[in-house]
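Right, I'll just put the structure down here and ask away after.
Per-chain residue numbering starts at 1, and chain names A, B, C and D are given in the order in which the chains are listed.
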Amino acid sequence: MSAAGLAIVYAPLSCDLVVAALERQARQVGEGCGAICTFAGIVRGTHTGRAVRFLEYEAHERLAVNVFQLIATEAAEHWPLSRLAIHHRVGRLLVGETSVLVAAAAAHRAESFQVCRYAIERVKQVAPIWKHEFFQDGERWVEGALADPANPLARQEALQRACT
Amino acid sequence: MHVTVQCFARLRELAGAREWVCEVPAGATVADVWAQLAGRAPAVSALASAVSCAVNAEFASMSAPVHDGDEVAFLPPVSGGA
Amino acid sequence: MSAAGLAIVYAPLSCDLVVAALERQARQVGEGCGAICTFAGIVRGTHTGRAVRFLEYEAHERLAVNVFQLIATEAAEHWPLSRLAIHHRVGRLLVGETSVLVAAAAAHRAESFQVCRYAIERVKQVAPIWKHEFFQDGERWVEGALADPANPLARQEALQRACT
Amino acid sequence: MHVTVQCFARLRELAGAREWVCEVPAGATVADVWAQLAGRAPAVSALASAVSCAVNAEFASMSAPVHDGDEVAFLPPVSGGA
């Protein structure tokens, strides 16, 4: 698996552009591109009951792109004929905007769903990206997983969630 | 020798700076760089048990050696992807 | 669950437009819209080794929209806070174009994947839509499932494929 | 009474027409409409065991009654969604 697009982006994300670029790449592979599954993470208007004003995402950009490439390489071990794109936005995002867009292409739909789910799980586990929530009544940094791409249990969990 | 220390997110706020050039002796490790950071900005110690690190945009362990000119990044627990 | 868009369409499908409309609807519901999973079915360049010139899709349009509504109602029984859009294109499609676009919105990602997968499985099982393949060396109608929305085994299979 | 018969996809090609107005007696069922279609276009019988039907854009069984003005659609096995 190689990458149609693995990027940290400062502007709104477009599903159509990512899908079109991915399709052009994936049509060259195996039986061609018959299925693209995408996942968009979107800024919600409330979190744990607090009204969200906006979010700010911050990334270690070069490391994040390296991690996206690692995720694509991992996916290629399980789904060698699939293709993957991962775009994560940084900066200030308003409610309703897309923070992350994962797209997975394959010849058939089952594989496209699995690759897409696997990739978003891995992004959440290991990508060096941070979410800063700004509420009407305060702010907080969200801190989730200790990023460790070598942790086999985390990878196993991502595979399970991909319904493989 | 000199390395560039990079801190992100809450760790950046606790450190008081995104980047800082740090002088370390030959043979120093990432852990030595962290100790210097904690000396300069003690508040970062709150994250000591929950920090990952990267050298030159590759994940690295605390025991990894650093070299002159390296970029040493400290990463609090991540929260991208949603 | 109600429908942001359940439609038979004569023009190219836009993921961005469908997602934007769905997000506006889904943000009003429950914990809001934090996740949209989409599936695009795409015209492949070869099928069973034969080079595809183009496809033509035909639908019983009114029945198809009724079936999409039925699928949305079924999904609401399992995932009451999700929202669903289904757009299926008809007419002539070239290689690389999107024939069907399913989008499922939910507060969290697991549910968005499940609803999206369930919906595309049901579309394939029961929507009154037909694919006519035109190859370099001939043509054929594709005939898959006998459409029976009341068949509980088919619905059960769709739920299983949704990894519920 | 009269019903409008609609055929789709390969069945449309076998029937030779997309729509056809058919006269049936009071009390007729979908099966009676199919029988008339098969009389007019015997080629459709190739799909007899694999046809679904709908009346006025709702799925119906072959034993469902039809009424004056109904649209009776016959559907070969479907292949949308990919």
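Note that in this section contacts are C-beta pairs under 8 Å (C-beta built on N, C-alpha and C of every residue); 3 or more make two chains touch, one makes a residue touch a chain.
What you are looking at is a predicted structure, and each value in this text was computed from that prediction instead of being measured.
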>> Please report the smallest number of touch steps linking chain A to chain D.
In response: 1
>> Rounded to a whole Å, what is the gap between the Cα centroids of chain C and chain D?
In response: 25
>> Can you compute the centre-to-centre distance for chain B and chain D, using the mean CA position of each chain? Integer Å is fine.
In response: 73
> Hey, what residues on chain C touch two or more of the other chains?
Replying inline: 34-35, 41, 109, 120
> Where in chain B do residues touch two or more other chains at once?
Replying inline: 82
> Quick one: do these chains touch in a line, a ring, a star, all-to-all (complete), or other?
Replying inline: other
> Every pair of chains that touch: which are they?
Replying inline: A-B, A-C, A-D, B-C, C-D
>> Per the contact definition, I'd like the list of chain D residues that touch chain A in the complex.
In response: 82
> What does chain C use to touch chain D in their complex?
Replying inline: 41, 57-60, 62-64, 66, 88, 99-100, 120, 123-132, 141-150
>> Which residues of chain C touch chain B once you look at their complex with the stated criterion?
In response: 34-35, 109
>> Using the touch definition from the top, list the residues of chain B that touch chain A in their complex.
In response: 6, 8-10, 12-13, 50, 52, 54, 57-59, 73, 75-82
> For chain C, which residues are in contact with chain A within the complex?
Replying inline: 14-16, 19, 23-24, 27, 31-46, 95-96, 98, 107, 109-110, 112-113, 116-117, 120, 161, 163
